[in-house]
Amino acid sequence: MAAALQTETLCKSFGALTVAQNIDFRLEAGDRHALIGPNGAGKTTFVNMLTGVVRPSSGRILLGGEDVTHVKQEARVKRGLGRTFQITSLFRSLPVLDNVALAVAERRGTAHRVWKPASSHAEVRDESMELLATLGLPDDGLTRVADLPYGKQRLVEIAIALGLRPKVLLLDEPAAGVPSEESHRILGTLEKLPADIAILIIEHDMDLVFRFARRITVLVQGEVLVEGAPDEIAKDRRVHQVYLGEQQHG
Amino acid sequence: MILYVIAVGLSVTMGLMGFINLAHGVFAMAGGFILSYGMQRFGIPFPLGLILAFVLVALASIVLERLLYSRLYAAGELAQVLFTIGLIFASIAIARLVYGTGTAPVFLPDYLTGQVHILGRDFPAYRVFLILFSSILIVSLWLGVERTRWGAMVRAAVDHRAMAQSVGINTKLLFLLTFALGSGLAGLGGALGADILPVHWGYPLEHLVYFLIVVSIGGLGSLRGPFIAALLIGIADTACKYWIPELGAFLVYAATIGILLWRPQGLFGIRV
Amino acid sequence: MSGYTVDPRIRWTEYLPWLIALAGFFLLPEYLALGARILIFILFALSLDLILGYGGIITLGHSAFFGLGAYTAGILSAKLGVTDNFVQMAAAAAAAALLGALTGAVILRTKALTLLMLTLAITAILLEVANKMSSLTGGADGLSGVVVDPILGLFRFDIFGKTAFLYCLVVLFLSWFVVRRIIYSPYGAMLTGIRENTARMHAIGAPVYWRLLVIYTISAMLAGIAGALLTQVNQFVGLNVLGFEVSGELLVMLILGGVGRLYGAFVGPAVYLVAQDYLAKQFPEYWYFGIGALLIVVVLFAPGGILGLMDKWLRPFKQKRSAKASAR
């Protein structure tokens, strides 16, 4: 059975700087997988390669068994790959509802319609409102994103990605910058995500990682150090060294 | 080659400050006017006129930068484009008011006129001088950027402004100085080129496309890029006018489009 | 103004422009020529707003489409003897749309400065062509002898400019209707998304390039129609329709009114052209300086244009009204 998302010996170098080396990675449908590692380990570059923003130097990427290594970003989205951004990338001066509706409309294929007014597309509006409700933002539809507190903005990030009904969801530090009282909301949202989606989450918040993930991959300097269940990782000496070693330097 | 001198300042300014300064041609025009006026009115010698063109324009650009440009660094491309267009309009109006509709004559000193005999062929002395001058310029610029501390700071700031700031580089001052240098060079270029590209009130608009072409093809922020680009354009333009006069400037435009399609970041630009 | 949360029904303020235009027709018959010019430039500004205000593409080359439309109509009439106004207009629209599609395909692959420069280059090329092919275009002297049949066989272009004015008004109205529909549609919302955050649009699977190409073509077509109108009304077309000054002035008009908000394209040209008509005659040397200074001032202090300023002044009243409403 083909994995939901898979990479084979994925490599990336920017000139003399190697940021990814022989990454073999596998994500099955319904997985809850976390990618952790010290700063600069190449996690975001990895995600950028998965989504098609950055082209790998060598290796293959397979989405649902199909080779998408040379497929453009938009096409990968259409095939079911969704992502959120580490630094919020929203439509700031637009209302929250529009942010989500844009994604929903793209998925439904109605985004290019020119004749009927957007606000009369009830299916898109309703679906967007539902999505906002499941994420705990039922009353924020009309608020401009720029006026929302940061924690809620991170939730809108997730809402947009969900609007695409992805089969694979890549979450790049969903709790980044969110004050710790609010990060439980993020966790709660993550736990309620549909069970059949394959989810890969990049995070530094270890609390969130260990509560959410069923498998963890540790990436150090562009290479996979170790992969396993949370309790294995927690006990692994090399992982401790990587993090402790970092603390000693920093 | 004139294009190079003028455009290199634009390339650095835009590459460094990320500021779309369409009014760059205004500085060039100012330089040309200064030289012409200085020589005519005050009888100053050519070299001094060139130096004055550089210095005065650089100073003026500092004033403009502090007063106006610096407010728009974060304002987005549209605001910058509009602002610089406004500057162009205002400047050409002033130029026309002050100088009238004629061109500013520049009389080259005797030692630069006439022909020079090189390798069995005659070349106009002034053009040879220009090529030599530009070559010296690019070498000194290159040395300055690659070898000095100032150059290193400029490069760091181009690569990553926030990082450079946190390392303690005074980016505001750096920008100011670099902008002054770039604008001064434009003034110098305008003065140098006054013989070939006549200086008149419509100057900044007339040659705007060419400046932009040189910068785009050369690649923003690079020093070599505009040099090669200006060289190519100069050659193509002359060749075209010589062999196929009906086509005029077409070849240059067509080549521009072609090159940019192939390499959208320019020949030597940083790939985004 | 676009989006999934806005009410698309026509507000009462949207009737104002048309009422003002009709009032002008009846009350200011000496100014109908200026009025027609204003209407034409409103259409031109609308076309630019589509691509600039909504698509976020900064272009200085819109006069290329305007000029092409103008010359197409002119050449059809003066050189090929086609005098039916609808045919002239359709041809102008088609030519401009074609140029828009072809050039858009190229330049939309580039960004910011390069794009800007290419738009300038394209206009420069067209200007060269028009200049060189003087047998067809009349070169620097311009093309006169443009003849337009009475519209629908009934309405002759009279010397008072009445027909011209109403003709432009009708064309503008139809175009406005189309543009308004586009803006309020999902396509318009999507364009706003592209303008706001292009990277995000890519990340939600939107084929940004193609969507922009479509709107660029539509925008070019509208600009071409405006150009044709100019030729038909003036029965003349000269090289100045292709100059940078036209693109620059259009940009000023749009900024003056307010970018990205449908009616900025109405307010801007009206204010600009009226001012130009009055001031440029009084102080011609200072006009360009004034425009330059105005542009600088607007950019620095009032980037939303006139409508943006009005928004700011009216906001306290709007807030009071909603505060009262919620207090009840």
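To keep things simple, chains are lettered A, B and C as they appear, and every chain counts its residues starting from 1.
Basically, a contact is a pair of C-beta atoms (placed from the backbone, for glycine too) under 8 Å apart; a residue touches a chain by one contact, two chains touch by 3 or more.
Predicted, not measured: the structure shown is a model, and the values here were computed from it.
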Chain whose Cα centroid lies at the greatest distance from that of subunit A: B
Chain closest to the middle [Cα centroid of all protein chains]: C
Length of the line joining the C-alpha centres of subunit B and subunit C, rounded to whole Å: 33
Separation of subunit A from subunit B, taking each centre as the mean of its C-alpha atoms, in whole Å: 45
Complex interface listing, subunit C residues touching subunit B: 52, 58, 60, 106, 109-114, 116-118, 120-122, 124-125, 128, 132, 244-245, 248, 251-252, 255, 259, 285-296, 298-300, 303
Footprint of subunit A on subunit C - complex, ascending: 2-8, 181-182, 184-190, 192-193, 196-197, 199-208, 211
Residues of subunit A that touch subunit C when the two form their complex: 51, 73-75, 77-78, 83, 85, 89-95, 97-98, 101-103, 105-107, 110-121, 124-125, 128, 141-142, 160, 163-164
Partner subunit C, residues of subunit B touching it in the complex: 14, 20, 68, 71-72, 75, 77-79, 81-83, 85-94, 96-97, 205, 208-209, 212-213, 215-216, 220, 246, 248-250, 253, 256-257, 260-261, 264, 266, 272
